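When the chains are written out, they are named A, B and C in that same order, and each has its own residue count from 1.
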Amino acid sequence: MTATLGLWLDWLPRLLGGLWLGCKVAGLALGFGIPMGLVLALAVQAKSAALRAATLVLVEIARGTPALVLLQLAYYGLPSAGVTLSTMAASVAALAVCTAAYTSEIIRGGLEAVAAGQKEAADALGMGRMDKLRYIVLPQGLAVALPPLLGFSITILQGTSLCFAISLPELISQAYAIGASTFLYLPALALASLLYAAICIPASLLVGVLERRLGAHHRA
Amino acid sequence: MTMPATADQRPLVHVEGLRKSFGTHEVLKGIDLSVQRGEIVAMIGPSGSGKSTLLRCINQLETHTAGAVTVAGVTIGPDSASHERDLQRLRRNVGMVFQSFNLFPHLNVLRNVSLAQQRVLGRSPAEADERSMQLLTRVGLADKAMQYPSRCSGGQQQRIAIARALALDPQIMLFDEPTSALDPELGLEVLAVMRELAEGGMTMIVVTHEMHFAEDVSNRVLVMADGEIIEQGASREVMQNPQTARARQFLSAVRDR
Amino acid sequence: MLAIFGNLVTGVPMTLILTFGALLIGVVLGVPICMARQSRHGVLSRLAAALIVAIRSVPPLVWLFLVYFGLGSGILRMSPLVAALSGLGLITAVNMAEIYRGSLAAIHSGQWEASQALGLPRWSRLVEIIGPQVARISLPAVATYAIGLLKDSAVASIIGVPELAFRGTYLSQQTFKGLEIFMAVGLLYIAMSLPVAWASRVVDARIRLRVAK
C-alpha cells in the first residue's frame, strides 16, 4: 500500500501536468464553442428558412458524429485539405465544434423556456428584436441554460481524454505512458481516475446546488 | 355632408373588415370598429367569442388574415407584410396590460417600468427613473420600487404593469382581462386604478368579465359572440336593455351567478 | 469513395454489438443498482449513490483502459471486446439506474397506494404494477441514451476493438485519405442513429395511444 502511495507521489507532477493541459484544452473549447452555440441557437430561430435549414443540418452533423471522429478529422483529415493543425489546435477545434453543436440545443431549450408572455410584453412595449433579446430573453434563457451548460462543461473535460488518440499529452496519455514503461498500468490508471474524480465530483455537486438556487429565484 | 376631418375627429383606432383565422378555424368574421379619443370601450361576451383576439390584433400581437388596423394614423395590412418599424411605430402609441401581468421577473420593479422608456423612447436613465417613480406613486406602489415582482401580490403586479405601459405615454391603453387572474379583493385595487385612468381622459379598450366596470366606467359596450360584434352601444343601454337575443342570453347568465 | 464506404461498413456490425451489448448489460444491471439506491437501508443507499457518482465522474476511455490494461495486464486477461463491453456496460448501468430513479419519481403515488390497498405482495407490486410503468416512462430517455452510446462506442477503437472508428483509423493509416475517410465514418454514425431515433418515436407514439391519460 505504502509502495503504491510512494509511486503515486512520484508520478503526481507528471499526471498533474497532463490534467492541466486537459483543463486548458477544455477551457479553450468551451470559450470558443459556447458563443458559437449561442449564435447557432439564434440562427435556428431565424426568419430566413434557408438559414434555419442550413443551421439545423450543421448542428445535426456535428452532434451525430462521435467526438473521437471529430478529433481525427481535425488532426488527420484536414491536412489533405491543406490545413495542418497541431495536436493542441486540433483538440481545441474539434471539441469546440462539438461544444457548439451540443450547447446550441441546450441554449435553444433555455431560450424557449422563457415564457411567451414575457416576449409579448416586450413586443407590446414596442421593444425591437435586439433589445428584446438582450434585456428580456437572453438573461432569463441563459439562466435556465446555465446548469446544463455547466454539466456539459464537465463532460467536455472528460472528453479531453479522447485526445489521447491524436497524441495530446494529457492526463490519460501520461498515465498510459507510465504504465507502458513500468508495466504498473493499474496503479497509474487508478491515480488518473482519482484525479478526474477529484475534479468532476465536486463540480457535479456544485452544479446541483446551482440548479436548486436558480430554481428558487425564478419561482414567481 | 362630408367635412374635412380634423385630427381630433378622426378615430384613434379604426378597424375595417378584420378577419382572423387560426388554420381553418375562423375566429374573427369581419369586424368593423372605430374608437374615438377619450372613449372607454368595454368588450364583453362568452369565452371563445374572439374578444381577446380582436384586442391583440389592434397592437398586432396577433396578425390578421384580412382587413386593416389603423391606430393613430399608422395602418397595418393583413398577415404582417408590414415592416418591423411600422409595427414598432404602432405599438408606441398603444399600451397593453395582460391577464397574467407579464412583468419581467429578473428585473426589479423600477427597472421594469424604466427599461422600455430608455430603449424605446430613448430617455436617459435619470429621466426614465423619475417618470417611473411618478407613475409608481400614482398607482400607490412607490415603496416597491426596489423589490422584485415575485415579492409582490398579483394586484400589485398588475398595477405595476399598468405603470409600465403608461410610462411610454401611449395614446390608448388596451386591457386583456386585467382582473381575471386575481382574487376579487386584489381585483378591486386594479379596477380603482383603471377607473382613475378613465376619469383622467385616457382612451381605453377593456376586455373584461367585470360587469360593474362595463356598466359604470365605460361609455360604450361591445358584445361579441362567435367572432362577430353582435351588439354595441352606450354602456347603460346595452347592459340594462340588450336588443339581441344572444346578448340577452349572455347577460342574464352572467347576472344570475 | 464507394470503396471507402465498402471497407468501413465492415466495422458496423461490431459497433452494433458493442452498443446493444452494453445497453443490454446496462438495462439489466441498472435495476439492482437502482433498487439499492432506493433502499431503506441508509448504508446501502449511500453506497449505491457513491458508486453512481464515482463511475460517472471518470471518462469512459479511462474505464476502458482500467479494465483492459489495468486488470487485463495482470489479474484477468481478456479480449478488447470483453473489456469494452464491461466498461461501457458498467457506465450504462449506472446511467440507467439514474433514469429509472427519475421515472419512479414520476409515477403517481396513487399507484403505490392502490396496489397496497389491494393487498398485493411487495414483489408482485414491483414486477407487475410499478415495473412496467417505470419501463414505459423511461423509454424516451433510454432511447436518447442509446444514441449517445452508439457514438461513445467509438472509444473502443482505441483499445483495438475492430468496430467502425477502428476501421477508419486503420484505413487512414493505410491510404492517407484522412478527410474523406473520417467524413465517411461520421456519416455512417449519423446514418446508424437515424433508425434508432425513428424507432423510438414510433414506439413512443404507440405507447402514448395505448396509455391515453
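Things to note:
Quick note on the criterion: contacts are C-beta pairs under 8 Å (C-beta built on N, C-alpha and C of every residue); 3 or more make two chains touch, one makes a residue touch a chain.
Bear in mind that the values here come from a model prediction, so they are computed numbers and not experimental data.
Arrangement of the chains shown, judged by which pairs touch: a linear chain-to-chain path with two open ends. Relative to the whole-protein C-alpha centroid, the nearest chain centroid is that of A. One finds 21 Å separating the Cα centroids of chain A and chain C. Chain B and chain C have Cα centroids lying 54 Å from one another. Per-chain CA centroids place chain A at a distance of 46 Å from chain B. Chain A meets chain C in the complex at residues 60-61, 64-70, 72-73, 76-81, 158-159, 161-162, 164-165, 172, 175-176, 179, 183, 185-186, 189-190, 192-193, 196-197, 200-201, 204. Listed in rising order, the residues of chain A touching chain B in the complex are 115, 117-118, 120-129, 131, 135-136, 139-140, 143, 218-220. Those residues of chain C that touch chain A in the complex are listed here as 53-54, 56-63, 65-66, 69-71, 73-74, 151-152, 154-155, 157-158, 165, 168-169, 172, 176-183, 185-186, 189-190, 193. Residue ranges of chain B in contact with chain A, taken from their complex: 59, 61, 84, 88, 91-92, 94-96, 98, 100, 102-106, 115-116, 119-120, 149-150, 161, 164-165, 168.
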